[in-house]
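Here come two complexes built around chain A, the first alongside chain B, the second alongside chain C.
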Partner chain A sequence: MIFLFIALPLVVAGLLPLLGRVSKRVLPDALANAVLLFLLVESVLMGKHLAGSGPYVRTFSWLGEPVNLRLAVDGFSLFMLFTISLVGLCAGIFSIDYMKHYGAKANYWALFLVMIAGMNGLVLSADLFNVYIFLEVAAIASYALVAFGLEYDELEAAFKYLMLSVVASAFVVIAIAVLFGVTGDVSFAAVARGLQDTDSRWVVAACTAFFIMGFGLKAALMPFHAWLPDAHPSAPAPISAMLSGLLIKVSGVYALTRIFFNVFGLTPALSTVLMGLATLSMIVAAFLALGQKDLKRMLAYSSISQVGYIVLGLGLGTPLGIAGGLFHLINHALAKGLLFLNSGSVQQATGTRNLDEMGGLAKRMPITAVTNLVGALSISGVPPLNGFWSKLIIIVALVQAGQWGFAVAAVLASVLTLWYYLLIQRKAFFGKLDERWKDVKEAPFWMLASNVILALLCIGIGLFFALTIKTWIQPATDALGQGVRIALGPWGM
Partner chain B sequence: MVLQIILLVGLVLFSVLAILVKDLLRAAISLAVASLLLGIIFFRMNAPYAGVFEISVVAGLITVLFMLTIALTKGGAAAESKAAAIAFPAFFVVFAAIDVLVMRKLLARMPAIAAPAEAGTFGQVLWNARTLDLVGQIAVIFAGVFAVLALFRKRNDKDE
Partner chain C sequence: MTPNTLLWPILVPALLAAIFLILPSRVRIVREVLAVAGSAGLVVLGFALFAAKDLTLSLPWLGMGIDFDLRLYQFSSFILLALTGFLFLIALFSTAKMKDDPKAREYYGYVFLAAAMANGAVLADNFVPLVFFWEGLLVTIYGLITIGRKKTSNRTAVKAFIISGFCDFCMLLGIGILWTITGTLKMSAISVRPEGIAVLAFIMMMIGAIGKAGAMPFHTWIPDAAVDAPVGFMAFMPAAFEKLLGIYLLARITLDLFTLEKGTGLSVVLMVIGAVTIVFAVMMALVQKDLKRLLSYHAVSQVGYMILGIGTAVPIGIAGGIFHMINHAMYKCGLFLSAGSVEHRTGTTELKKLGGLAREMPLTAAGFTVCALAISGVWPLNGFVSKEMVFHGALESGSVIFAVAAWVGAIFTFASFLKAGHAVFFGPRTKEVAATKESPAPIVIPILVLAALCITFGVFNKLPLESFIQPILAGHVEAGTHLDFTSHALAVFNPVAGISILCLLIAFGLHAYGWKRGEKKAYLASEPVHKFPGLRQVYDLAEARVFDLYEQGIKFIHGLSWVLFKGIDRPIDFFFEKVVTSVGRAFTGIMSKAHNGQYANYLAWSVGGLVVVASIITLLVK
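Here is the complex of A and B:
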């Protein structure tokens, strides 16, 4: 039942503030994590079900009346649903212990689930206007979650995020309005057909530019990235993990890719622009990350850099490039989720995010130190962890396509990535234990549990990367490679 | 045509005024006037439902809510830095200039509006064709309500 991906989190979110009056912590924790677990299982089961049947669209009946809920599932959306549920569940488990000292847990879970519902809705919608609406759902929930701590810098970061995000939404909605004006419809299939018939290159070019600006801002590609290094570090750690791991990819990369591949069609010019922006993000953000002293801020810059890799692979547009980009998407979601959660453990234990003040924490927090090392090496692309394979695939795809310049840039950025992650590891965890931290304790059970799960996933996907590619990445790549064809379904249009 | 231009210019002016005015009450009223003008534009462009919603909800209901809030809190106008006071109008002038230069050409190249495929009465379109939008709107309202609950909760409200 695919509608559950949107309806279930919403219904539970609506109930939570009421249930929160009965039980302040236990019930909201259990219920929200049960929902996330259910969605994860459902996405895996649906994957099996979908494997042979191809994309489908559902209509429902409500009180005897047929209701036309157009939801479309194909390999790409299923892959995203799986990623959202997986990282969402891990961030959810982490929140059980971490969010204790923030208070208002029922409210936190309600926002968390609305954000999940928004992302799921965006991934399942087959029409431009739905994309816009669910983009806003996830975004509004995320503004409140960034500011959840209510401290000065959190509110400031949330406001900056809100302002820039509104600009992004405005560009997206303008582009949708113009496309509606030109084609008379908003569903992916009809717009794609309408654009084939129309000969107005200028309109298409303008809409493309608006979409790149809008979704580029959401994905924090380089010239549009200014909000991310403020917003992501200020949020509570599980929310940083959700934003960096999922939200920028769903509302930025997914929407961009879906529209450009399945509606506009990837032209060589567009491909060049995307790859240019991606390379800019990849390199410049890596240099910026090197200079950071704040642990979470460094991770945030790293997110910009890694989104560059994803867009570089996708923008290349060859099947191998798309596969590499998508593989890096899930790998980065897992590894960056892990690193942000780890940073939360460190921040809770020491009360600081400043790398210069830390040191030797591995002696007091051995498990966190190990999981952090796994995440760092995975993102840096050290074999045999998952990040290595996805980066390798992207670079091989670039070389195959004859894009030597981009390939060299990708390798260079990878070296820089390894550099600043080893810097984190050395400054925070290795070396002599500072006198101040001698009473620091290892993180509580649920926080450790979610970190260990994510670290094991990073290792497991690295060891069984061929299986992962076959089960999840290949169907998604096929869905994108088929281009416009998928969106043409039996929707009675 | 002249009326349309007057309405559009008024819309832009009052929107800018809503941002620039320091007194909150005046800002709220400017916003209401701007959305009233927008509602009239919607009517003139043959979108009566959009016009009705714009005028009743945005110009009416939300303005009332704003005024109630301002009356209840009785807060003074916030201090503004001089840089912001100069930067915004400057940005606005540059934006308007670019807009005038680019948009005319772009609009001239745009083909005539195609007939919408989803014809039907307002109710049919809303309930049958755009049901997912309604679900999305419910989610937006949820998000807004929870955001307000979260942001205006008592600080240090420990659940111990």
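Here is the complex of A and C:
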């Protein structure tokens, strides 16, 4: 059944432009969201199944010929599937109202679903080449989505994004090719075994550097981040939420982590480099966010900073650090998704993204103001919201591992984060209502619904963080914690 | 009588208080009947418990030695009886005085809650319940003062709360130290020699006790409250309940918890506090122009006698101090109620406006006169007996100076009451006050009862001394010591009594001189002392509250907070608001400039990053 995660969105995406001729809005909206809802339910059900039977691998045959498409599910991929479906569904619900004025909704949904299919495929792949393929599938859909508004800025941003991403993809392909050359195979299991059998330190070192650049660029780690603050704000709000909430994590963090942990095995050297880059991102991007006037640009820089947290936790490599990193991954996906969607509500209501022009919007958009506050406090790590717990776990893990310097940096970045989020809240929502915005209305129903769901998730996960960790985070941590053995063992086929 | 009966004196008034607070203001009759009947029932209960003497109740509570221990014995049953008696008189008085007060509902509630707390504090045999009840009492004091509804009532309530809170905090510290030393919180199990750290515990607990009793320098809220609080509260709390509780605790500290010995430093400390309180407070009382304020300073001054007596650490002094406590509660309560009676009919207690009321209010005047003579120590009233005992104690302790201070106090006490009585009830009738008549029975009866008690305790002093006071000391003096104080206390013809009587004559002379100098206006009789060179400046400073530690402390704290704000808070604020933000902005600005949107630029960073990463990995792998 796991094939459905890729096939269903792809097939529906193929049908949608045709269906768009029949029904401009209602049918595409309903169909796309139904697909997203189905995927969410499926990922939850599969989680139950998986918890009982352990990770499994599928090979597919087409007309009697084996097709070399190996898909594997373990705790980590399942966790990612769940996150993708959850945030995807919320962004989807938001799009129902938000994308009205863009037109061409069927095309939008087609691209949206292709991106979902690409991300799902990526997290289910069990070989390096499939990783590359799905990476490109998701990326190409995202280039088109960034440019969806077809304004000058959007096209420019999409082009810049495309040009830098292509470079990244190129390095990824080079690294995969080198590994194929050394080990004679591209499946995780074979590559892992091949690398163990031969002394290939230098090959691994070179490939590591290439992967860090390639996936690091996708994940917007500094100094490979520069495309993100242009690309993410330019996209329509739900796409910004998808890109910041999901795509950078799936095509960047997930791919990086999967390969480094389960194929290469995390070495101290790698750990140091990852943590160094993570800290650099965390701090510098926080400062950059502080200087922004554009609401969505500020959020975009914040994404870079928060990805730093995730990579810092994962790069530490201790079970607690991994758990903290993964927990922050889903928390950030929810909260940043929420914030980008809120920014969309604000932009639609006022027509501007400039914080200096806003003010007092809480009086006109009370629900949006509250959900935005929840998201902001969550990312800033204010108890009892979810972001607090994940940051706490990361910091505790750092302290436990004796990494005091990194722990202090993490706390410092957290303070900066609170700083600029309160800046947003104050400039946009609090204070005196500007005369210009006296006719502003609260966002329409579906947009509000999506925001409220995400805000409730932020609160709920914060209150029931122990349950969340037990159900979703722990299996994923276990999968990563086993390191290379998981590729050699259950995936060995 | 089972040990559980000990809960009644606490639960019954608490229950009544709850009823009063819930009961709507309009059902006045129900409230007053309940208050009088309930407090009368408590008096009966008080007598029953006094007859029962020894009862202990121990309920497990929080563990760690924190149990709900109550103990009824000689001393506490005596205090309990007195507390219930005063509660009854106050309740009776209030039915007339608080009749139309819009806050009567809360007034009765707080009064009975205070009674519950005071009864609990007296019965407590474990420090934790003691502190619980002690602090509960403090809350009711706050509430009762605010009921005065004067402009400064809230301020005075806060002042009382802070001063008492400070004293209670000291007591808490003392209890903590004592707990550390002895390892137990059960009061009846503790007896420590005041040595080393125990001295600190003694002093801390002593501050708690004398602070409650209203000794200097913890007295300053009482004269303020005299003006701001309902007069019933003054008769109830500073005149009676607080003295009983404070001196009870002081006696417990010096007799049971610690063994205070004659001639030790701590004994001298207590005697100094007592003597200072007597003299300074009476000097303030003398020059007051308002009857209630005058009385309130006496309420402070008289505490000095009690502390002096207990501080002497000789049996007759201690007995005198405790006897003075009960005597003082009676006549001071009577005096405040008389003032209340005058206020009830005339609407003022300013001496200047009053005069010649004896004809219209003969019963009040009679009650006031008896109580005033009692507080001044005129033979054969109760004040004479207990003061004589304190004088004897002071002399026996070996320091004549303290006896002299006590005598000085006696001179000015009498002088000020001559002035007050003269100004209010005798002399020419003033025009400021319209023709009036005697107060209603519920006000007059308590005054007359108290006056009668003053006479009884004075003339038949054997009775209270033998049934109440001597048994308290029984376990605390060396075996075989002569415990009969009645012989020399009653004897009028001995040198000590002679000096006391001489003091009274001096006081009379002072008053007569001042009265003549003041153009035969009684309220000006203290002016010669007031205007005496040297004293006048001191009085002016006192009027400006220079000696009020609370006011000075508030000023100091305001100053300190200003200095801290300017000296520490603002620089820190400057650091965060200006230094941190500008550094952050500068850094942000530099980084933002680097993000100029140039594709080539960004690509260069990426490639540069790759080179750096690759070289670091290469270095580390090697």
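Brief remarks follow.
Operating definition for what follows: the second predicted complex is superposed on the first by the 476 of 493 C-alpha atoms of A that agree within 3 Å, B and C clash if a C-alpha of one lies under 4 Å from a C-alpha of the other, contacts with A are read in each partner's own complex, and residues count from 1 in each chain.
What we mean here is this: contacts are C-beta pairs under 8 Å (C-beta built on N, C-alpha and C of every residue); 3 or more make two chains touch, one makes a residue touch a chain.
A quick note: this is a predicted structure, and the numbers were derived from the prediction, not measured.
Clash-free side-by-side placement of chain B and chain C is the outcome of superposition onto chain A.
Contact with both chain B and chain C is seen for A:W202 once the two complexes are overlaid on the shared chain. Contacts of A:L290 after superposition: chain C is touched, whereas chain B is not reached.
In the superposition on chain A, contact is made by A:G184 with chain B only, not with chain C. Once the two complexes are overlaid on the shared chain, A:P319 sits clear of chain B and of chain C alike. If you stand at the C-alpha centre of chain A, chain B and chain C are 160 degrees apart, rounded to the nearest 10.
Once the two structures are overlaid, the count of chain A residues touched is higher for B than for its counterpart among chain B and chain C.
Once the two complexes are laid over each other on the shared chain, residue contacts for A:V137 go to chain B alone; chain C is not touched. Judged by the touch definition given at the top, the superposed model places A:G481 against neither chain B nor chain C. Of the two partner chains placed by the overlay, only chain B lies in contact with A:G118; chain C stays clear of it.
The gap separating chain B from chain C at its narrowest, counted between C-alpha atoms of the superposed chains, is 8 angstrom. In the superposition on chain A, chain A positions 202, 206 are in contact with chain B in one complex as well as with chain C in the other.
For chain B in complex with chain A, the residues that touch the partner chain are 106, 109-111, 113-118, 127-133, 135-140, 142-144, 146-147, 149-151, 153, 155-159. In the complex of the two chains, the chain A residues touching chain C come out as 160, 163-164, 167-168, 171, 201-202, 205-206, 208-210, 212-213, 216-217, 222-224, 226-227, 229-230, 267-270, 272-273, 276-277, 284, 287-288, 290-292, 416. Within the complex formed with chain A, the chain C residues making contact are 584-585, 587-589, 591-592, 595, 597, 599, 601-603, 605-606, 608-610, 613-614, 616-618, 620-621.
Against chain B, the residues of chain A that register as touching in their complex are 6-7, 10, 13-14, 17, 24-25, 66-71, 100-101, 103-105, 107-108, 110-111, 114-115, 117-118, 121, 125, 127, 129-130, 133-134, 136-137, 140-141, 143-145, 147-148, 150, 178, 180-185, 190, 194, 198, 200, 202-203, 206, 493.
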